[in-house]
Amino acid sequence: MSRIDVTEKIITTKVAKGLKWADVAARVGQSKEWTTAACLGQMTLTAEQAGIVGEIFGLTPDEQRWLTVVPYKGSLPTSVPTDPLIYRFYELINVYGTTFKELIHEEFGDGIMSAIDFKMDLQREPHPAGDRVSITMSGKFLPYKTY
Amino acid sequence: MSRIDVTEKIITTKVAKGLKWADVAARVGQSKEWTTAACLGQMTLTAEQAGIVGEIFGLTPDEQRWLTVVPYKGSLPTSVPTDPLIYRFYELINVYGTTFKELIHEEFGDGIMSAIDFKMDLQREPHPAGDRVSITMSGKFLPYKTY
Amino acid sequence: MSRIDVTEKIITTKVAKGLKWADVAARVGQSKEWTTAACLGQMTLTAEQAGIVGEIFGLTPDEQRWLTVVPYKGSLPTSVPTDPLIYRFYELINVYGTTFKELIHEEFGDGIMSAIDFKMDLQREPHPAGDRVSITMSGKFLPYKTY
Amino acid sequence: MSRIDVTEKIITTKVAKGLKWADVAARVGQSKEWTTAACLGQMTLTAEQAGIVGEIFGLTPDEQRWLTVVPYKGSLPTSVPTDPLIYRFYELINVYGTTFKELIHEEFGDGIMSAIDFKMDLQREPHPAGDRVSITMSGKFLPYKTY
Amino acid sequence: MSRIDVTEKIITTKVAKGLKWADVAARVGQSKEWTTAACLGQMTLTAEQAGIVGEIFGLTPDEQRWLTVVPYKGSLPTSVPTDPLIYRFYELINVYGTTFKELIHEEFGDGIMSAIDFKMDLQREPHPAGDRVSITMSGKFLPYKTY
Amino acid sequence: MSRIDVTEKIITTKVAKGLKWADVAARVGQSKEWTTAACLGQMTLTAEQAGIVGEIFGLTPDEQRWLTVVPYKGSLPTSVPTDPLIYRFYELINVYGTTFKELIHEEFGDGIMSAIDFKMDLQREPHPAGDRVSITMSGKFLPYKTY
Amino acid sequence: MSRIDVTEKIITTKVAKGLKWADVAARVGQSKEWTTAACLGQMTLTAEQAGIVGEIFGLTPDEQRWLTVVPYKGSLPTSVPTDPLIYRFYELINVYGTTFKELIHEEFGDGIMSAIDFKMDLQREPHPAGDRVSITMSGKFLPYKTY
Amino acid sequence: MSRIDVTEKIITTKVAKGLKWADVAARVGQSKEWTTAACLGQMTLTAEQAGIVGEIFGLTPDEQRWLTVVPYKGSLPTSVPTDPLIYRFYELINVYGTTFKELIHEEFGDGIMSAIDFKMDLQREPHPAGDRVSITMSGKFLPYKTY
Amino acid sequence: MSRIDVTEKIITTKVAKGLKWADVAARVGQSKEWTTAACLGQMTLTAEQAGIVGEIFGLTPDEQRWLTVVPYKGSLPTSVPTDPLIYRFYELINVYGTTFKELIHEEFGDGIMSAIDFKMDLQREPHPAGDRVSITMSGKFLPYKTY
Amino acid sequence: MSRIDVTEKIITTKVAKGLKWADVAARVGQSKEWTTAACLGQMTLTAEQAGIVGEIFGLTPDEQRWLTVVPYKGSLPTSVPTDPLIYRFYELINVYGTTFKELIHEEFGDGIMSAIDFKMDLQREPHPAGDRVSITMSGKFLPYKTY
């Protein structure tokens, strides 16, 4: 058994039962972004959180225990994603990557935006010409230091 | 001559003169995000915008004309970026890519967030434990249609 | 269970029963192009469409439900396709890609042809020197905007 | 000197003089699709065509002669294109590739659509919800034969 | 079930029964080159041919039907083959590829040798210093046309 | 200076002077296949052959000397060739590679067709439905031996 | 069933029984180098050799027959090997590859060292500062010929 | 200036002057294998050795100094070599890699053959059926240790 | 059965029983670094060590025997790791690789730090601004020698 | 001009003048590790530090200014390094990567060792059996947080 098996069971059960991530997140008591990533095998749950998720998706105690083990992260099957929705984010990095770099360095100096001390929020933004997806990312700036 | 030559001249001049993208953007009259991407060879300028940029960076009329030609986009030298700052964004897609997909589909159905009808805003978010980088992305949702 | 399992079952059943995509499409009430892509795991069906497809291919209710879940798209096993028929399309992009780019930009300015708000039609074009395959693609032009 | 050098000179001159492919094609007396591909180094010109193109772009006799030499084809710098406009066509093959294959085989049997005995036409398709790019491709069907 | 399963069954049976491709071909009534390629999952058989092959290799009616479905072609597990015999052919393309190109263009002008309207013949060529493999390939020349 | 420089000079001169490989081969006294490969930097010439080639293409003594040095072979810029003519040969290996393997082993046992002790002949094969390219390859069979 | 299955059975049995390749080779009557390669799926055995190997590893008649079929060669899972022992050999080619090339050409002219008409011998070389691995390779020189 | 420039100058001079590696090695006082690798930019020379090599190839003092700097090693342009002679060595690793591994471990236990504390000797081995290339490699065995 | 199967059983059992590597190491009598690598399929155990590990994880005698066989090393599924923790080490090599090279050569001359005669120690380093991971690596310097 | 040009000038000057990184670091007043990385184009210098480095290596004011611009990081030409010294570090990640992951998670929970808030120290460790390279890395542990 591995975390991947547990992730597949969660996804299969979600489709069979017609569950929603937002509802799962409400029961877990975390944001829908973090909860979805955790159920998809990218984050580590506490024993209590694993118990709630286990109840929702009918996981055995062993399967729940896997949710509390730090997973080998990375959710995509290829280094350049083929799925159109996910590719658009990859394209944004290709087109705007050097822009991100220039503007963060102009504002903060040498360093990075943390992808660990990080949170995000995804919302529908109503718009007369067609609703928009709005994503706000917030990551701590980590400066390079001399030594 | 090519757009890449013009981009290199812009970057070289920026370092030599110690310019700031925010100031360039103010003179161009667009956001700093769009202006930086344009100066880095990813966006197309109007003749007027090209004139302003040309004046700032000392571009010849031919070089300014290149700014008005649609560029071959993509600003990164490798498919998996090696620069730590840019890699962190790639990592976010690797870890959160399937989460983006699940949540956008849960909210909107099948389709994508446009990377074309798209804008973003990058700000410093003051925080007692260390300031944070805050990025807000907004892209129109484009639904797949049956036919 | 996953969408891939459902796709394989559909293909296996199609061979065993000797079905035609055009007939499947007629029963689903959509074009043969969209219907084939949907049955091959690239599009999302409504519950009603899934019911019809399920009846044709003998799918269980759970399998039908998978047809209504947005799939992870991308139908090819390698980034450069090995199948001669599919490779010819890849070759067209290699040979004509920059031509597509130049002519679309000459006509519309900076932007793209949408691959989402998109439809296509594939027909036999009779010809004395040998019949031809005729494919008409129609995608909405999406302009880049400044901000 | 190589064909690539000639292509670069043509592109540089086109930007400097503000020429249009449609006008070049009219003078060459071929479609804008073929003419653009030829000027971008993908097709072979007759001596007469090379003379016209040479006059438009100010090419030397040696440079014109290169236009009449069959080029090493392939116009893209990477196997998966990074430019958003060109990538959309690659995505179409990824999503619809197996659909192309199924429908062509259903209509014609085993074989391919020729990418050599091939022509295409790219037009603006006016539409109230935003104009569309319409591309019609026509390639001879070539059947596999037994022997 | 898929064509790959049928191919594997054919190969397994061939080893178990100690069959020869030349004998299979004689019964199918086609060349040994085409017949082998077809049994290895690269060509499409008629129902009658599939019946003969099915009898030889003990295939079920469903497995025979798969032989009449156009396969996803490409028989090698890696883009650069590791098997020494097959690699030698890849090496020939690497060393002689540009020579093929120059000589075919010198003789025929711009175009290709068809890999579809194609046949080949493989024979032992006796030689005092060691017998030789002789392969004759014949493919229709397909010219690029202007339009 | 390197062999690549000499190859480029030969190609440039050939275009400028409008030479034919068949004529070059006649003067060198070897087949057009070997001579073309040699001029394209894949074979090693004797001093005498280098002198003839040098006279034809106007090479300096140093450049002629490079023709007598064993080159680093491999004439293609990418592992999967993008040029349609050359790709067709790669496709033949992909489709027929396992067929070559089976038939050569059936005839000769374990071993390979040499790509070194090898010659080939490329001819136009007149045909009422369109002329064909005929290529005959002959390579010594090299058996694996036990030890 | 495939040769890979037979190889895996041989390896599993070897571990379970604690056999040594040198002893297997002694019974087969060939060198330990050739015998090991053969048992690992890289060489073809005679029926008699297959019988001996089959007896040692408890193979069925069908499994023994697979040993007499020419295998698809190549024993490594990745093009750049990850195992440190095997990587060192790859590194030697990277560092010394051009040296091999220069010295063999200096001694023999244009051609290659055969990897088919090839044998090798691997021995422990006692040394006060630590024993050494000594490998002697012997491959027939195959000259390129003109034609 | 870089080591690569010096290597290119050495190679160019060697061709122009018609030098032999064996003669260079004799003057340097090291084996032809080590000397060739060093001249090709893979090994580090002492100041004295650099002086001798500098004299032979007409290197400036600065160029000689580069020979005494440890180079970035790796002499091949692609991870799978295209040159037939060098590829044969790569093929040997592909076919015999697991055999090397098994036999070295059987003789020595877990560890590697050093590619650093390593030497080799390349000789012509006369043979009535055609001379052979004989290469003897000797590398110290380095055992993995527990800690 | 293979070493990979044994590794998977160890990992599955560790999660099910909630074991700690430090405790396993204490019972094996080796460092936690070496013991973890060994249990993850990268090192070879003595029969005695295998017995202890077998007892802890409930391995059969055959499974224990696999622990004493030298494994095919390399623990990562992709050449550029996707897991953020492991990627950070890859990034360090990308950013600091040439620095490692310069400083080791400055101190020791040409050669390498052995990855075989190597040990490491990983500790928590308490720090008021947040605890740190401290890793000390020690590898024997192996000099390149002339010959 | 770019940072890469400045890096190359620094390296060329270092060889020509025979400088040592340790001496450069002493004058800059930082560790030899950080100073070397900075001079090799991986770190950002203050104006003052750039002045000192500029004086040592004879850089123009413009070149010194480039040292104060945040560089595009990544110092290796290939994703799997070919240089033996640098490869050994890559091999350590391949062999020990999952061990790093297990032990850091066992000690700290889910998170990473920062490669930004990071320092390292490289020393010679005298040893009777041959001196050793000792590297101590210290990176802040960054925990993943829920939100």
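Every chain is named by a letter (A, B, C, D, E, F, G, H, I and J) in the order it is written, and numbering of its residues begins at 1.
What we mean here is this: contacts are C-beta pairs under 8 Å (C-beta built on N, C-alpha and C of every residue); 3 or more make two chains touch, one makes a residue touch a chain.
The structure presented is a predicted model; accordingly, all values stated were derived computationally and were not measured.
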Result of counting contacting C-beta pairs for B-C and A-I, higher pair: B-C
Cα-superposition angle relating the copies chain I and chain C, to nearest 5°: 145
Between chain E and chain D, distance of the C-alpha-averaged centres to the nearest whole Å: 31
Between chain E and chain G, centroid-to-centroid distance (C-alpha), Å: 29
Whole-Å separation of chain centres (CA-atom averages), chain A against chain E: 47
For chain H, residues contacting two or more additional chains: 33, 72-74, 76, 79-80, 82-84, 91, 94-95, 98, 101, 105, 111-112, 114-116, 142
Chain contact topology (line, ring, star, complete or other): other
Chains grouped in pairs wherever the two touch, ordered by label: A-B, A-C, A-D, A-I, A-J, B-C, B-D, B-I, B-J, C-D, C-E, C-F, D-E, D-F, E-F, E-G, E-H, F-G, F-H, G-H, G-I, G-J, H-I, H-J, I-J
Residue numbers on chain F that touch chain E, as the complex places them: 20-22, 32-33, 36-37, 40, 42, 73-76, 79-81, 83-86, 88-108, 111-115, 118, 120, 122, 124-125, 127, 129-142
List of chain C residues in touch with chain F within their complex: 80, 82, 84, 87, 91, 94-95
Contact set on chain C toward chain B in their complex: 30-31, 33-34, 43-44, 70, 72, 98, 101, 105, 109-112, 114, 116-117, 119, 142-147
Chain B-facing residues of chain D, complex: 8, 11-12, 15-16, 18, 78, 80, 82-84
Touch list for chain J against partner chain B, complex: 1-2, 62, 65-66, 69, 72-74, 76, 79, 115-116
